[in-house]
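These notes concern the structure reproduced below.
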């Protein structure tokens, strides 16, 4: 899994029928700042993930990729390869708190 | 999933029998411009995806990869790892509309 | 899927028993030249793929990766993650023909 | 699989129900230093993996990705794509010991 | 699949029970030297793969990744994502022999 920040959303009306009613969010994978090791920074990449948890913009979330994206009750038969499995409260590196949702 | 722009097509006559009749499109993954954050820009990569939705050139589409590419009715038994699951109407980042099909 | 050029072959006699008799080709993924947009260029990467179609050197082929490589009749039980599913006749970008097998 | 160092942990209370009670660790993939070939160095990437072995910070661990992350007794039905399958005691390159847990 | 050179091994005693007795090798993916096109060169990456064929250090091997790593008799139920499916005898690019185990 990886940590990503929710930065937007996608609207698509012409789609595979089973996708109707599923929220599609724009997420950007984050990584630890390798220099300072005290904050998360963007990787500059852009993914689209299905959300079933009610994540909002600027939330940090946990993304699962691949066939395991179908291992949640709401997504078991969907043609998707990325889903949000958790909203992140905090991330700790060593004794340091590098992210806190407050 | 990721957003890609449809830029072309591939013709292949000598192929695995089950692939007969399936449209193969050239798609280029796009990402958010990290500087301006107000437009989608190409990643410079080139993929081939099966289309079942009638996407056309310059359409922005949602691509699913891996085994989930077989989770649509038309592709369930195909030897494919990428399919278009939606044609993108619009992409929103924060309050900004970074793509609109109009 | 991605487009690759067949550039060579691999010989392996000491292998998993089920792999006996399967042709292993060296393939190099290609992408559209992002500057000129009128030719395919190598990505510099090297993969090995199973061939069941009789592809030859310098042929451009369609490669499928992952579990879907097992979705062809000849490869359904093989421990492989890449197979050639088509020999490319031509690739069109916009109105331009960027590859033609002639 | 790849070798990673455990550097932190993630707390998430709002998550897919099946994930309750599973420990989520921050891991950084390591690779052999290509110049000196006598130590492991970080790749600078950040992943989140489920731990079922009691790994602690600064442990080097083996990470499996993809559907195989569901092939352990504790993770068989989880929506995860990365799990720790072993805590590394030592890594040997040629005659050299490049990592030792002591 | 990809070609890799076996460069080392990993010892792990605290691991998922099903992994007991399986040999874990350090492998480095190789690619064709794009300039000279007459030798294989390292990509600088480091992976860990299960070996069931008795590969030794400096052997060049074929690595399969993902769920297909479970498609060999010895690995069908293991939580692994990479296995050696063949020891490479030789690699040919065009008319040139770029690797020979002799």
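We just call them A, B, C, D and E in the order they show up, numbering each chain from 1.
One rule holds for everything that comes next: a contact is a pair of C-beta atoms (placed from the backbone, for glycine too) under 8 Å apart; a residue touches a chain by one contact, two chains touch by 3 or more.
Just so it is clear, the structure is predicted and the values come from calculations on it, not from any experiment.
Path length between chain A and chain E in the chain contact graph, taken as the least number of steps between touching chains: 2. Shared residue numbers account for under half of those found at the interface formed by chain A and chain D, and the copies are therefore classed as meeting with different residues. Taking each chain's centre as the average of its CA atoms, chain D and chain E sit 20 Å apart. For the pair chain B and chain D, the distance between mean C-alpha positions equals 32 Å. Contact with two or more other chains is made by residues 66-67, 69-70 of chain B. Taken chain by chain, the contacts form a single closed ring in which each chain touches exactly two others. With the ring opened at chain A and read toward chain B, the chains come in the order A, B, C, E, D. Across the complex, chain A meets chain B through its residues 7-19, 24, 26, 28, 42, 44-49, 57, 66-67, 69-70, 77-82.
Here chain C touches chain B in the complex through residues 1-3, 30-32, 34, 40, 52-54, 62, 64-73, 83, 85-94, 98, going by the rule given at the top.
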